[in-house]
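Here the structure comes first, spelled out in structure tokens, and everything after it is commentary.
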Amino acid sequence: MNLNQLSPRAEMEDLYLPVMAEIKETRRLTDLETLYTVELPDGRDLGHRPGQFVEVSMFGIGEAPFSISSSPTRKGVFELGIRKVGLLTEKLAELEAGTKIGIRGPFGNGIDVEKFQGKDVLIVAGGIGLVPMRSMINHVRDRRDDFGRLIICYGSRSDRELLFTEELEEWEREKRTEYHVTVDQGSPAWKGNTGVITTLIPGLDLDLPNTVCCICGPPVMYRFVLLALKSRGLADRNIYMSLERRMKCGVGKCGHCQINGSYVCQDGPVYHYPDIKTLQEAL
Amino acid sequence: MTRNLDINVEHLTRVEGHGNIVVNMKEGRLEKAQLEIVEAPRYFEAMLKGRSFHEAAIITSRICGICSLGHQITSLKATEQALGLEVSEQTVLLRKLLIHGATMQSNVLHAYFLAAPDFLKVGSVFPLVATHPEVVLRALRMKKLANDIGDVVSGRAVHPITPVPGGFTRIPTAAELTELKRKLEEQMMPDLIATVETMKALAGEIPQFERPTEFISLRSDDDYALYDGDICSTDTGRVPDSQYRRMTNEFVVPHSTSKHCKANRSSYFVGALARWNNNHDRLCDLAGGAAETLGLKPGCCNPYMNTIAQVVESAHCAVDSVAIIDRLLQVGLKDEEPNQEPTRYGTGIGATEVPRGILYHEYTYDKQGRITAANCIIPTGQNLENIDDDMKKLVPEIVDRSKEEITSWLEMLVRAYDPCISCSVHMLDVDFIE
Amino acid sequence: MAQKPRVAIFDFTGCEGCELNQLNFEDQLLDILAHVDIVEWREAMDDRPGEYDIAFVEGSLSTPDCIKRIHEIRRRAKVLVAVGACAVQGGINGMKNIRPIEQVREEVYGEDKYLFPTLPALPLRAVVKVDHEVRGCPMTQIEFLKVFTALVMGKEPIEPTSSVCTECKLKENECVFTKGMICLGPVTRAGCDAHCPTFGQYCTGCRGLVPEPNLEGMKEILVEHGLSVQEAWKRLQLYNAVELEGVRS
Amino acid sequence: MVQFFLESDRVAEFVTHLMKRKPVYAPHRKGRKSYSFERTRDAAGVVLDYPRVMQSVKKFFLPPREQLLSFDLGDNTCRAGEVEPLDAIFLGVHSYDLAAVGRLDHNFSEGRAERNYLTRRQGALWVGVSYEPDEYHFAGSVGIDPYDTEGFDIFLTRLLDGYVLEVLTPAGESLLEGFDLPAHEAGKPAKKHFQQHIYVPQDRLNEVMSASYNNPVWEETALGCVGCGTCNLVCPTCYCFNVEENVDITVTKGSRDRHWDGCMLREFSEVAGGEVFRETLAARQRHRVMRKFKYISEKTGQPWCVGCGRCTAYCTAGISIVNIVNRCISDYEKSTVSAIR
């Protein structure tokens, strides 16, 4: 078989070879989460879209995908908000500024921001789901006139677990950002809403035909958020979701992130809800 | 002499398995001098009962990791005799090669790792890594090569895989055997000569102690008997292996989870020294020369010299391994399937010289090829009474030395036998009642 | 690592083949010794100090004394690793549990049976917390090195859960079923690189059962290949009698 | 198309001729009843009449275990794994196995092209051979005939006393240079019949499989399935892999390696936190079969099964993918018939 069209060029990139990027800064967000500011060699741009992810690795420990938390509008460095859940993330938490880590990506489709332009943007984020959504939120804030209203609903288990607290205060102050937050269980000092995230939805003032929504959070959260949005009358076609699966390669080869016939690392992680609502393994 | 002495070495180190040395002397009268075997009993009979002939060797090789190859081969011989399975010359040669590998491996391990620290007055082989690196590296190299024989021919040196009733599940390739031969000639031979030199330098540390006893080993007409032969006693000569019970006479003693044995005297000796005393005329020249250099003489009855006899016979094993490989290559290796079609169902006995002495397995099979009765008699078990007898003679002879020195001599005495205690407590001596 | 981990090696009821396999790392032994201090190893050395970072333990627990000793070892060890089939899942020793223990003792020692107390054989995890496992009979050397390296690096070793078949297929071994033999590979844990089938022998199940094994399915496979139901069950019990206790045969 | 006749007695001579041109990989006997593709050292060892090899030629382009990169823990650097083109002749390949290579080519070149696979894949020349369908082959049902010459440089069709040798490409022609063969005038033998069939045309399979998500066949199959993963690991179109980190005993160097994985294995669909998305054997069986007959074919228009029969032939539990698919078909047809009524 003569497959000349397949002949690889000599300079063909190696999909699996990470570039060594420097951690410029680490900031503890909570007991579990740390925000890493990362710089690629020569300060070159990552060139990502909101909702995309990178594969982060430490040699001898392993590699895993993490959502990019900074907006593409921020140049020179990018940010990763990472929660300690396993070996790699625990080892990452021990790293200090100046250390180099392996980066591959950006991967995944990300949010097609063109489709959101001119529309009211509703972001619903649960827990660590705020990490990828922050990329979109800041993108909208930086290109404020390209979009309609920016409505953020953020839910967390407790106020101690809220991420990016300084930024949250900023969003709260900003005139053109409508920010709503709730915690499942508040500390005595907590003055805000208490209750699960779905309690925020009935009170929202929405221009339904002109609103696009993006949801990110754990399965138990998005299943109920979907129900709540539907009961508000938001059409399926206006809903996007960011899903999580274990990915090894990030480039559609290893097969680990399959949802029925879909590869999360290729067709996702951000899905148009009508495309996945009938996939049995998706939701 | 009115000395009181109370020695209790719990969990003797650098031996395989758990044993305590207990010596009691009151006002110069020796009340107790014995090796207590405290290894947990294994009850292998419960594991073997009703098992298929395919599994007998798999199970009995787990009696002991160190002697696993010996148990396996002996078990296969017993099964083959019981079921009337003929094996080919190639199978016999490959098995003999395996026994040589296992014998060298065990002897090297014992001489360098378990016994040598005594001669050099250190607690283990590990300090020697810093003080005598070339000796440790040589020992590792020799052990590795001996294990390579097991890896190549049987798939694994510990609990071998390929030897099954009637033959082998995989035959090594000519290239693999040629490579083994090259390493035996280019590496093992010089290392053996160096080992003899090392042992010669340490020979002054070997205690001078003698006690005439009965030495029992295999003896055959054509070679230094390891794979098979008659049972041969220095007291009474040769009897066929079918008479093994008459030559072992197991009995239970309270201080040992392993049974003891005796033949024509109160106790007897099995192992390298017994093989030497019975078969020194069958050794190759290299081994004979090693014996001369190390001062090992026929009729030797110093149990401490067992370690020397191990070194001597290792030289023989290396030389004979090369001869066996030559023979296999000359005839040409055949990809034979194991012969597993029984021609009878009955009782069979296997007797093999394993590193620590003569090993017996006996099985009876029913018509479905399942085990109904089994018996194994282990070399270490056979030596236990002899060790006790040695201690009873040794303690009064050295009673005016310090307690530490006496303890050290006793520990060295037990280690000289290279006892394999896990083996000895296999407990497989039962006729099942159906 | 600032200080070398202190390592101790212990054995209980078993054949000590796993310990021997540790001495059989001829090529790596000096590298291993460079990374750790071996502070206790009865089979190889005399010294006996107190505390250790890692304890490798071989063998099953089968006497009252064993139970006492393993509690003591657990108390003194930061990390406890069960090594080999006997320690991990009871192994061959578990077969003695199949029949009443008094009957077994009497058959072996007759009227002297009371001289030697014994218990049903137990894996370590039945009595103390086990942190990691190195499976196999004898313990699988490649797995030991992986666990060892992971512990030295301060990371969790990954324990395989897939079947021996997966590794056997990667090596393209002729399936032993094809040769008319039986095999326990389909329900036995990988990690050995399908060592026995590579050498033409069937998998005897020494590395223990995969998680959530389909035992009924496996029995059917064995019966399909000519074993009786009873014989099929016995084959499964060879290394896994303790785990299969209470499972309907 | 030029056709020659290659006498059985001259096959070894032909192999030797090819070996002079390039390295030859061909089926050889492995074990007592099995065959495997190996580098040919001795022409006499090549077996052209064989039912199937356990591992298809996939193993040369996507090796079972492969180093993706090596790293040095001391200076925190890494290097890509070495990959060389396999400039070789693959001799004695069955049509379904070359078709499977075509499927893999698609996987590794679509989206982001993979250097490792495509580099190895370069320079391969293909000499095919026809085969006698046995009780497991069903390639005919997915449109791949035993005499299918598509993609081959040279194809050998077996006759009683030799082979019809067809030269199909200029590369094939140059391979034959210096090897004289008589022309073959007569036609090719009649097509062989398959003993196994899937009972609907492939263009209707998507529709059938789409309706079969909740078919009881998955649960029923799971009763006998022991989840050993053999079916994935012998499939010539399965390409999923896992990646693991290996560090050497000195804890100074190591490598990131990949090895074949499979969706029948429990851990395969596990996500961070331990949730397994296809928890049951039934769900995993369904996913495997759907991958072959629906999920990928919906996107590519081709079934991702080539009918080699390996997953059935090597299944220790005797599970047949053909029986599963046919069961889905018959249940689907029953349901559509009753819907019409």
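Details
Should a chain be cited, it is by its letter among A, B, C and D, assigned in written order, with residues numbered from 1 in that chain.
The rule is short, and it goes like this: a contact is a pair of C-beta atoms (placed from the backbone, for glycine too) under 8 Å apart; a residue touches a chain by one contact, two chains touch by 3 or more.
All values reported here derive from a predicted model rather than from experimental measurement.
For the pair chain A and chain C, chains touching both partners: D. Chain centres here are C-alpha means, and the one lying farthest from chain A is B. Per-chain CA centroids place chain C at a distance of 37 Å from chain D.
Rounded to a whole number, the gap between the C-alpha centres of chain A and chain B is 66 angstrom. Centroids built from CA atoms put chain D at 51 Å from chain B. Those residues of chain B in touch with two or more other chains do not exist in this structure.
Residue positions of chain C with contacts to 2 or more other chains are 153, 200. Counting only residues that touch two or more partner chains, chain A has 60-61. Annotation, chain-chain contacts: A-C, A-D, B-C, C-D (touch as defined at the top).
Residues of chain D that touch chain C in their complex: 30-34, 36, 54-55, 59, 64-65, 222-230, 233-234, 244, 246-251, 259-260, 262, 265-267, 281, 314, 316-318.
Of all residues in chain C, only 153, 155-156 touch chain A in the complex they form.
On chain B, the positions that touch chain C within their shared complex are 11, 13-17, 38-43, 45-47, 49-52, 55, 58-59, 62-66, 68, 109, 113-114, 117, 123-126, 129, 137, 140-141, 143-144, 147, 154-159, 161-162, 164, 168-170, 252, 254, 257, 422-423, 427, 429-430, 432.
Residues 60-61, 87, 91 of chain A touch chain C in their complex. Those residues of chain C whose C-beta lies close enough to touch chain B in the complex are 12-21, 23-24, 26-27, 29-30, 33, 38, 41-47, 62-63, 65-66, 91-93, 95-96, 98-99, 104-105, 107-110, 112, 115-116, 118, 137-138, 195-196, 198-201, 204, 231, 234-235, 238.
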